[in-house]
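The next part holds the structures, each set out as structure tokens.
In what follows, chain A forms one complex with chain B and a second complex with chain C.
Right, the complex of A and B next:
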């Protein structure tokens, strides 16, 4: 589980301590004492409450999707009993918070909707309140008990929401990374000739990725020609031009000539207007032209077979 | 006549620049600019938002359709809360760079656009307004 141990990307979990969280939700020692007191009469009947809750869950559309397997259902019900035992202990420490985070992450990863989770916690809150009202306490104490329970239910729900958020951010970061890795597919189209089409926006990170990918490939294949096709690049501003010039210089140092292909009429005019000096960089308007010239320099020729 | 509304984009990370570039290109296209002018406008925006990322922590890009007499155009305001530019005359000169890049950014943008206005105050920030007419 990625929550424990280092993460492969920059997504951070909310690491608020138990003390900070208790303060945020205004849970005081007196509340925890009340919860402990509730626990003394609630624990023996928690089984019934969980059963009642599953009656509710059985009516939800999600039930079939997640809990149709008997074994899973039993396992989850046991987990839930454990949870309420921990909940009613009247103690919110670091371990408790950590377990809530892991629980939240599990819920998010199996894809249970946040709405059902929220509604489920709300139902539990109500079932507990009903149960408190059946006891022989004065009205004020009943209210304070229900309040204390609600505060802790909110704290727990908050942690779980945070984890839903964490899991989806992690997913986005992972997708971005995958996209970035896929976006520099340097290919050897012929012995000694490399091709890389670039699509989208080129930023400093991307240009560094391109540089690394190309230089590594040149080292591996001993290529003499590299064609960088930029017809799919959204804009060529001075920064992108600077990156491109640097890439061609670096490949030349490794004995490989670069050609930048796919310059549209609009881009060509814009580059001139910006005042960029392309110097000795080889450019062509089409990729076909670049390939043709690279073949010629390598003394290769494509001929039509006449039958 | 103009259906387009003003659009405002907050720039804080490199990823935000994509939105500003794409939105300016989209609006220019929808206002009736041809490919070359759309490309010019998007390139100018790219140039300016990159400066925000490079020199300021955050900034804002406002892209608006404008009309004057019978003319239609696009106006882009780029505002940052950075350290400001101490020497505007130098910054507007070709081949002047305070960071080892090509040094063509600001003068290049001025050459690309019909209108260009810059104001900057040290420790307050920089505002650049560019306009292109159809």
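Right, the complex of A and C next:
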């Protein structure tokens, strides 16, 4: 049981290599050879397939939202042609996977819905299959070719979905961090005096965040006084009170005296009625009182300048 | 074994205070040794207070903390005061989470403040 300050975990991207992914989607060299073979007759007509696909996309509501600009449309179409050329090359290497991840991230960041992306990939799969059936291969080979294409389409879709997931997780992590920083605004109001107004609901997670933020700030600023203002805390119950008392005791271990301010008449009654032992914790009813007392302990005084 | 590879914490006297700076990994032997040395030094030097500097300690578990506490209590029985200096924030929040008894301890952020605090006590 060792005691080390907790570290915040960050969002991690799925780092599976091309080899692992190929194995996962059961894509064998045979499949890649088939895709290469499909490529030999498919490549010249990829233009038509992409055009056909855009006919489909034109019917979707998203089309207007994302591709109303001609230039963007042309750029995206070119990208798509490049993509299918890579796709039909029958090679899945690290570079290919990397490009797919970037593509996925782009899709997620522009806010294209995953449903439309999925549907789009599905349509492509179907268009390829149709095109294969028009060729003169025996039925068995046609099926194997369609299968191979489907596998690779699924792999690509899988990577893109993973990136969708990553982007949204990243967003959540960012929001969490912002929320934590917003909920613990420890400020140095005077040299050596820290103030933290707590607003809203205090739970165990938040009280821990508050404690960490305060202790770090004391370490940074070498503060001797800390005022915790709880006039904005909605409900005081036994748990909340105990958290706050713990925080004040912890700061003492860093040579910093704590005062809890903002104990309204209602709060004072609740605390006494709940039988909470505030012990040696200093409390005041208003923040002004707390600041005044802190100043006195630090031998500071604010005086009016007579003009 | 024995005195050969015994790790001990150096004790210095400054401004009539004994300063013990812990800069090695904490084990029960280290504590045992510190306890013996510190109390003996206190007895012979008649210092008025003890400063335990733990700024070099990054990891301390519940048992370590309790041993440290009992040393502080022993010093108190011998009529001297103890101030802990340089506790790390991460360490404190962990101790509080574990409901360690931190009441009645005097602590400061650095050595300078510790000397000031000892004089006030």
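As a working rule, the second predicted complex is superposed on the first by the 190 of 307 C-alpha atoms of A that agree within 3 Å, B and C clash if a C-alpha of one lies under 4 Å from a C-alpha of the other, contacts with A are read in each partner's own complex, and residues count from 1 in each chain.
We adopt the following convention: a residue touches a chain if its C-beta (ideal position, glycine included) is under 8 Å from a C-beta of that chain, and two chains touch if they have at least 3 such contacts.
Predicted, not measured: the structure shown is a model, and the values here were computed from it.
Undergrad: For A:275, select first, second, both or neither according to whether it touches chain B, chain C, the two together, or no partner.
TA: First partner only, chain B.
Undergrad: Which holds for A:237: it touches chain B only (first), chain C only (second), both, or neither?
TA: first
Undergrad: Applying the touch criterion given at the start, work out whether A:208 contacts chain B, chain C, both or neither, answering first, second, both or neither.
TA: In the superposition, A:208 contacts chain C only.
Undergrad: Tell me which partner A:299 touches in the superposition: chain B (first), chain C (second), both or neither.
TA: Neither partner.
Undergrad: For A:216, is the partner it touches chain B (first), chain C (second), both, or none of the two (neither)?
TA: After superposing on A, A:216 lies in contact with chain C but is clear of chain B.
Undergrad: In the superposed arrangement, does A:250 touch chain B (first), chain C (second), both or neither?
TA: The answer is second: A:250 touches chain C but not chain B.
Undergrad: Need the overlap of the two footprints on chain A, from chain B and from chain C, as residue ranges.
TA: none
Undergrad: Touching residues of chain C toward chain A in the complex: what are they?
TA: It is residues 58-62, 84-85, 87-98, 102-103, 105, 107-110, 113-114, 117 of chain C that touch chain A.
Undergrad: Spell out the part of chain A that touches chain B in their complex, as residue ranges.
TA: Listed in rising order, the residues of chain A that touch chain B are 200-201, 203-205, 234-242, 264-267, 269-270, 273-276.
Undergrad: Along chain A, where are the residues that touch chain C in the complex?
TA: Interface residues on the chain A side: 1-6, 208, 211-212, 215-216, 218-219, 222, 246-247, 249-250, 252-256, 279-280.
Undergrad: Any idea which chain B residues touch chain A in the complex?
TA: Touching chain A: residues 14, 17-18, 21-22, 25, 35-36, 38-40, 42-43, 46-47, 50, 94, 101-102, 104-105, 107-109, 111-112 of chain B.
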